[in-house]
Every structure is written in C-alpha cells, then in structure tokens.
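Labels run A, B, C and D following the written order; every chain starts at residue 1.
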C-alpha cells in the first residue's frame, strides 16, 4: 500500500498552534487521486484544523500544501475552491434565507463581465439542468423552491454537498458528513459518495462514525495530537491497537456537541 | 500658544477621555456578548444624568451618594429591556434589527424625559464642579479628576468582574463564541441579560459625570451615541481596554489639534484617524481578529 | 422545476397599474399640498429602494447614505449657481451629473468601509458621514454653514411640483427596474449569499469584495440623483439638512417596515410612512407623548412582525391558501428573506445516532 | 442636528402610532396647541373668524425656541381678539409642527396656503427654515413677516416677501464693539479673544465687531471657529485663558457651549475685563450651571427683555404673565419676537384695510415705520429691519439682576460693570 510518487494532494510538515497548544504538529498526509480517503482521530486531534489549512481557511505557520504537484500554501479559500477543491463544514454553512435552488447557483462561476452579471438572470438553462440533476441525485429536488433554512439537518448536509458539486470539483473534503444524520440518510450518503467516486472524484472525509468510514474508505489516516501517526487500509486500522489507544481517555463530550 | 497649553490639553483629554471610556465600556460589553449595536446607550447616559439630577434636586442627595440608588436602578432597567425586547431578536438581520429596536427604546425614553423635564438644558451642580487644582501653571477642574478616578474605578470593577468571577468567564466565553459557550453549559440567555444590565448600570456613573461636566437635554443623546460607537469600534468590539484607549485617542487627538492648529478641523481629523486605523486594522486597535472558519 | 415565477403575468399587470397610477396621480389629484407630499413620497420610495438594494440585500447596514444624498444636493446646487442658471427645466439636466458624482464618491468610501465586518461597517459609515458633513460646513467652495441658495424653479404656482414629481418618478422607475433585475440576477444571488454566509460565499468563488462594492455604488447613484432634485425643490441647502443625520435611520425604518430585502417592501414602507406622516403632521399637532407612543408601537411591530409588514401579510395569505409548508415559498419570490431561524429547523432532526466507534 | 440618530426626521415614521395618539389625546382633551378662539371677549367681531398660519419647530432641535414663538403668537392672537380682531374678524392661529426640518416647513406652508387658504401667514423659527418657507410663500404671493430669520443668508437671494422684525444677526455685537471703541484710550482694553461656533447665527456676528474693535486698537489675540460636535471645550477655553485677553467674546447658539467656556474660565481664574456671550447668558440654565454669583458682569446682546420700557412691551408682559404665569425673567425674547411679528402684520392689514397680499407686500415695502414691543421696525428692500436696535444686557448685583447697559445713550441703560468683577469662587 504505497502512495504514488506524485501525490494528488499532499500536506508536508504542517504546523499551526493556538496559544501554547499545537493543533497541527509537523503533520503530513498524502491523498491519492480517485480514492476515498478517511481521516479519523479523537476530538481535538487537529482534523478540522488540517481541513482548514488545506482549504485556506487558516494559515499554517510551517510546512506546505501541494495540490497536483503545485504549492497551494497561503492561497485564499476562493482560489483553492477555483482549483477544484470543494469542502463541507462540520456545522453546515448553507444560505438559509435563499431557496435551495438559489443556493445551487452561488457556486456556478461563469466567465462573464461583472457589469452584465448585475442584471442578467441567475442560472442559464444548462446550469439549471445541471442543478436539477444534482438535486435529483441528492434527493432534494422536491424542495428546490423551499428556503434552505427550512431543511432538516441531514438535508442541509446534502444541500451543502450538492451546491459544491455544481462547480465540479475534483477533490471533495467532507467534514463529518454523517454527524447528526439519521441512519437511512447515512446509508444514502455513502451510496452518493461511492457513486461520485466512481465518476472519478476524490474524497477526503473526516468522520467519527467508524462503521461509515471503514466501510466506505479505501484508505484511512489516523490523527492524534496534531499529526497523522498511521495510514492504512480500513481493516488494518480496525485492528491496530494504537488507534484504540488514541481514543482512550477521551470522554463522550464530542458525542454531545456535534449537532447544533 | 503659550507654554503649558498643550500639556494641559493632553491632560484634559486624558481626563475627559476617561469619562467617555466609562460610557463606552458598557457599550463594548453589550456589543461583544450580545452581538448587537445598542443605539440606546446614549439615552441611558442621559437618563443616568437626569436620575442624578432628580435625586440632587428633589431629595438633596449628593451626586456620589446618589449612585447607590441610580446604579441598581439602571441595572434593573437594563435587565428589563433585554428581557422585553433584545432577547426577541433573531440571529438574522441582527445588526439591523438591534439598531431599530434600540432606536425605538431611545425615542421612548427621550419622550418620557421630555414630558417630565422639558427641553431646556439642565446641569448638575456641586461645589467641586467649579473648583480646581493647580497644575502646569494652570488649573484643573476637580470634577474632571473625580470623574476620571470614578471612571477608572468603574472600569477596574468591570475588569474584575470579567476576569475574576464565574460570570466573567461565562461572559468572555459568550463573547468568543455564543454557540460554543452554550454547548459547554453557559446559560447564554442569562449571561446576555446580566451583561446588558451591567452595560446599562455603568451609564449611571457615566451619566452622573457627564452631567456634572456639561449641561444636557433629552436631545443630547444623539451626539453622544455617535461618539461612543466610534470609540468602541476604534478600540475593538468587545474590548473594555480598547474602549479606554479608543476614548483617550478620540479626545486627545481632538484636543491637541484644537490648540495646536484649529478647532475647526479637530473633529474631522479624529474621524480621519478612525478611518485610517480601521483601514489598517479592520478589527480595531484591540479587537479579536475575525476567525474565518466556522 | 424552474425559477420562473408562475404568477409572472399577473405581476406584470400589477406593475403596469402601479406605473399608470404613478404617472396619473398628479393629474388627478392636483392640490399642491397633495402633490408636495406625493413628491416626497416618490423621492423616499426611490431612496428606500436603492438603500435596500445594498443594505437589505447584503445585510451591511449603511448609516452613511446621507453622504450621497448630500453630494447629489451639493453637486446640483453648486453647478447651477456656478453657471448662474436661472431655474426652469435645464437644471434637471444636472441630476444625472449628481448621480455620477455620488456614485464616484461611493467607490473610495465603499472600498474603505467594506473592508470591515458588519458592525464595524455601520460605525465607519457614521464616521464617513460626519467627515462629509464637516467638509460641507468648512470648505470654501461649499459656502460653509451659510448654505447655498438656488434660483427658484420658475414654474407656474398651480403645478409647480409636477416637474419635481416626474423627475423623481423617473428615478424611481429606473431604480425599481434596476433592482428588480439585480434581484433575479446572478449578482443578486451573490448579494444574498453574502448576507447569509459571507465567508462561505467567498470560498465558493463569489468575488465578495467586488460584489459588495458594486452594490454599494449602484445604491448610491439614485440617492444622489434624488438629493439633487430635493435641493432644487427645496431651494436652499445647508450642510446639516443636505447631510442629515436622521436620513439613513429614516430610510432603514421604511425598509424594515415594508420588508427588508424585498422589492416591494421599501416602496410600500416609504409610501405608507412618508405619506401618513406628512398627512398626520398637517392634520394634528402632538408633541412629546407622541414620541413615547410611537416608540412603543414600533417596538410592538418589531416584536410581532419581525419581518416587516408585507412579508408578514404575504405569509398569512400563503398559509391560508396553501397550508403545505414547502409550497409556500413557491409562490413567493421574496421567500429568500423569510428568515426562518436555522436552529429551529435543525432541532427537528434526532440528534444522537450513528455514533458508534 | 448633526448627530446621527437625531429624531427630527425619522420621527415622522411615527404615523403608525399617530392615529392612536390622536385618539388618546383627544380623549384626554389635551394636546391641542391651537389658540382657542372660544374664549371670546366682549368685542363685537362680526365677520367670520380667520386663521393665521404658521409652522413652528415644536419638536426637534429648535423646539425650545419654537415653543417660545408659539406662546408669542398665541398671546398676540388673544390681544388682537380682545381689541376687536383684524378688520372685524376674530383670529386664531393654525400652527403646524415642522420638527425643525426644512422639508416639513415647506410642506406645512404649502398646506396652509393652498389647502387651508389661510389669508395670512407668519414666519417659522430659525433662519435655516426661513428660506424654504418663504420660497413657498413667494410662489403664492404671500408676505412672510418673521422674527427669527435674521441670518445674512436669508436676505441675499432676492426674496421679495421676507420681512424680519428682529435686528439683523450680523449686528449683534455692534453695541459692545462701539462701546469699547467709545472708551478713552487709557481705559480701553487692548486685547480681545473671539471664539464662535460654526453656525449661521453665531459666526456672522464676529467679523463686523472685530473690524470696529481692531480699528480702535484692540488687538485680536485669539480667533477660532469650532464645531458644534466638539467633545471637550476645555482646551479651547484654556487656550483663550492663556492669552489673558482683556475682552472675551463667545458666540454660540446653544447655552451648553457658553456654559462650558465660562465654567472653564472660572476654574482657570481667568477674569477678562469684558466677557460676552451672544446667547444663553440670560437663561436660568446658565446661571444655575455656573453659579449665580459667577454670572456677575457677563454681557449678552439681545433685542428685547421683559424690563423693556415700552407701552406695547408692558402690555405683552402683562398678557404673558396672565396666560402662562411665572415671572418676568422666564419670558424669552423669542416670545417677544413672535409677538412683534404679529404686531407688524396687523398694522399692515389695518393700514391697507385688506387681506390682499399684494397690498400688504407693497405696504411693508413702502418704508413705513412700525411700532412694536421691541421698538420701531422699518424694512429695507431686502426685508431687513434697519431700525432694529440691539441692546446690551449685563448681570449685575452679584448675578441677581439682569439689566440693560447698552447702548449707553439709551435712557434705560444703567452704567455697565467695567471691568467685570472677578469670579466669586
């Protein structure tokens, strides 16, 4: 199980600290193209910080991030998004007072003069078709004209995924996609991810639901105290005693707070 | 400009700035914890001044002694307003809605004051209002020094509450992240009410000193609130220390320009300084940098 | 499933009727008091629509649009007196110039102010407002506190107001037309996205800074043009009236009253509030008690109808006609502002499940 | 006016509540400011009553003065009715509130003229509102006699229908300046400090007085314009005190500003030989803020005071006290100005025996002299009162008496306290 020489996404020795606490401590990770990669670890191990570092939401004090061989360290979130890296958030960020369909058009970038964009109707017919297709795919089409704020928590997660998909990213970073979502939706979500993966999309998923991660991912990274200490196939991770150790002593705190 | 004038101007600025800092301290707390703009802070100060005035004129209670009554009274008023109106603001349009609600509160209080006191100027009088100390070959009004010391003491009390008490921890947690604070068991509603009440209670002191330094009418609050808002933003939202520095910068800059150049442009220069600072540091002098992620 | 509104044709008819009423009004009701009030109404309708297209759409509350009103007023006044224009229709030719001046000024102000976040933005617009008022009071070419007096319009007394009314109406129609387009455009979506989740919108490729600035500038232009017409109408401007402190709060209250972020709300709010207020001030004189009652009632409106009058009415009607929640918004193009709290919806979902290690 | 959230305009959004308020007030039977014409007297005004229209700032920035004007107009109407009305018509005042807003003042006069068809109008309070008001009136050929529009700007744009019964604002400090000029060289002060707020009532007073005093050898050692938003007046006052100028002139429109300066002068133990405030010095707000005794010797120019020895003035004072009670010191010059406006208008109506505006305008422009409680009034072509007399008043007897001192030639003037006695505390 060796990674390819030129990794699709690679973080090298990233460091980030808050006050005295090192959220990322010389953290390195490699993601292979076309795979579903999992990222697990106890609460506070730095998973979300790593996501933020990759997607430009937080700067890192040391280290580098490479995407397709190019450094993307220090780029802004919108630049990174434009490169084809989309992400979702642990606490969903949808546009609550806009309709589901309107949410879909935010991320559609088209090369047009900004002055014209001021008065041209949003969403061309091909974009509309695409949005309909994606909403149908995630099962939100019937709610297309509802305000996004009226969606359930699980539906919001799906919407977040949907409105990123419209920009056709090649790499998707999902932050706890299954957190707080009911069982049937979790299964559906897994199917969606597998299907998208079969279309060639690469995933990096932070998740606490072990069953979900271990059945879905091709490869799993385990983080603790700000760095990735092991990488392997799901069955290797499942049987590795160090993983259990890493989780020991962690109370159920996180279980309580995942949902807003 | 004669010798000592500039030094006096700076000293005046510091003393007056202290009083403005006190009035702004409550505003910045409310800003920080409740995530809202409290337009009514100006009229609370004026209300505080009228409260001191009434006690002095109707009951012969001295300005400082009167605070024993006015501080709890303003505290209760603040708690009531938070409970009755502020708490009902949603998360959406919170900034706009808070402006509108507190504006409505302002005109109600203004109407009550106009009804009761009329629109003529009132001022607080006490012997120390016109007495002075001798410094720099000049005289320093006692009321300025007393006001400054009182303001400083009040700011220290606020600091103590914020950093040494259980409530303070909750307040700071709520300022940092309302949502997360809730998750770790902070009763954000209660903390909000208390913070609003404390922020309003402080105006009892601010109003007393303000009223002793200059005459006031129910109309005076509008000039005041514009100034307080700029102080709070200059210092950084939610920072009590920032309010102190912001107030000092405001008054000292204006005072220096006034005597060293011309009062005509002094106010404008202050606003220009404010804009430049915010251009370089959008979060204000002591504001927390906005976290971009969740 | 499309964005096309099914009630488009009825809307068109309604719009056409509104325009006809707007055009015909002074011809039918030609009492000068009525047309004076109507003129101010139309002015505030245009201003509120413009202000709303920035503040209502993005959630950035500007308390500095008085700068653009004042700039428009001064532009027209100073040019017309500088050229010794003797009133009449030619002066209206300066109205677009005033709009351009206001728009041009909005670029640097917006550039600076929009770098800050929402709360700070409010205050920085206040600071900018003071700076411009002070400049108007102290600069030589603005004539300082003495103000500028314009040549009177010179129109016949019987229908003196009409030129001002129609000039304002043209601005109103253009503004509503522009904002209507903005609202349904990609640009409009981006504005709403900024209002709801700015940082997320940025990461989705919305050029947030540019979008906000363009919106700010676009909203300044009609305000400047109305300011110019107002100055000509009133005949004399002073710094404290051209740059009026109360301006933005007045306009904000109108937009709030009608429905912030909607298209019809500000027009409705300005119409109702301005007309009713002018009429009532004329018909009765009440003083301080009025402040108290007004404030209390406004608080009641805020607490009971937090979305403004129009959206609340709309919601009630929709509820009656279409009891299924999901479809309500289908008929309501303004549903983007319905303001359903996020948490309430989220809480419906069961919380603790699927958390096996 | 400059503050951000000032209510004057936005209050107008209050219409929602206004109907309720109206009902409530009506139920309470209070709130009507219109002079009641039912309190008929024994006169035999046979013709139908007429209304005289005015817009006043009953709320907003100018509210205090607006209300004083309202009282002046009310007393005048009462007096007119007592004397048989105007051309046999009972009069009543129709007063609308303009909330200190130029937009509203224009609307109000529009309404008074075109909807209420009032035969006569009188002016609003404040120069800032006079031009918009007079512009509307001019459109319908109405004369506007007013008592508070004396700023130079009012007379510079060729309005043919404005007549200000008060003295022109720019003349305010002339009696003081002429008094100083008239002093013998050895006694005359040699240095003067001027400070004024940037305001059309305050600022125009400085230059004419300064010119006279400089010509008389009084050196200007300080001359600054400040903004009304100034947060801290102490440095300015300190800077003036530091010049040790023998004459200090503070020109403001707000009593709060003059209090701020004088308070600081007291703490700085700065005792100019002549201390003048152009506004507010006569108010109880001033004396109570600085202490009665400290007011001793401070001077204020004005056009009228309750002790003015003039038959019309006595009549007015008596009527005022009968109607509103209180003491003579509570009667403001603003009320007198309003009353004077009424007197001039009534004279013009009686002289022309008509309510015809063209005739009234012609008469007002004819150069006749009117007698008012403020003394004679005569209009030049611009509508300024060329006979307007500025008087100088001073607190004397340890701040207990407010007396006329200027012009010295006036028989009512008493000797000024000069140099001003030192502050008491």
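To be clear about the criterion, a residue touches a chain if its C-beta (ideal position, glycine included) is under 8 Å from a C-beta of that chain, and two chains touch if they have at least 3 such contacts.
Given the structure is predicted, the values throughout are model-derived calculations rather than measurements.
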| item | value |
| --- | --- |
| Most remote chain, CA-based centroid, reference being subunit B | A |
| More contacts between chains, A-C or B-C | A-C |
| Between subunit C and subunit B, distance of the C-alpha-averaged centres to the nearest whole Å | 31 |
| Centroid distance [mean C-alpha coordinates] between subunit D and subunit A, Å | 72 |
| Subunit A-subunit C separation of Cα centroids, rounded to whole Å | 40 |
| Between subunit D and subunit B, distance of the C-alpha-averaged centres to the nearest whole Å | 35 |
| Two or more partner chains touched - positions in subunit D | 2-7, 10-11, 198, 227, 229 |
| Per-residue multi-chain contacts in subunit C, two or more chains | 126, 130, 134, 138, 199, 245, 249, 253, 287-291, 293-294, 296, 298, 339, 341-343 |
| Of all residues in subunit A, the ones touching two or more other chains | 57, 77, 89, 93, 96-97, 256, 260 |
| Contact footprint of subunit D on subunit C as seen in their complex | 31-33, 36-37, 40, 63, 126, 129-130, 133-134, 137-138, 144-147, 149, 152, 157, 160, 230, 234-236, 238, 240-241, 244-247, 249-250, 253-254, 257, 272-274, 276-282, 284-291, 293-294, 296-298, 301 |
| Subunit D residues within the subunit C interface of the complex | 1-22, 24-25, 31-34, 58-59, 95-99, 101-104, 106-108, 110-111, 114-115, 128, 131-132, 135, 138-140, 151-153, 156-157, 198-200, 203, 227, 229 |
| Residue ranges of subunit C touching subunit A (in the complex, touch as defined) | 1-3, 178, 181-182, 184-190, 192-193, 195-197, 199-208, 210, 214, 218, 261, 325-327, 329-330, 335-343, 345-346, 348-357 |
| Subunit C to subunit B touching residues, read off their complex | 55, 59, 61, 112, 115-120, 122-124, 126-128, 130-131, 134-135, 138, 199, 245, 249, 252-253, 256, 260, 287-296, 298-299, 302-303, 306, 339, 341-343 |
| Complex contact set, residues of subunit A against subunit C | 55-57, 76-78, 80-82, 87, 89, 93-99, 101-102, 105-110, 114, 117-123, 128, 132, 141-147, 149-154, 156, 163-164, 167, 178, 180-183, 186, 208-212, 247, 255-256, 258-260 |
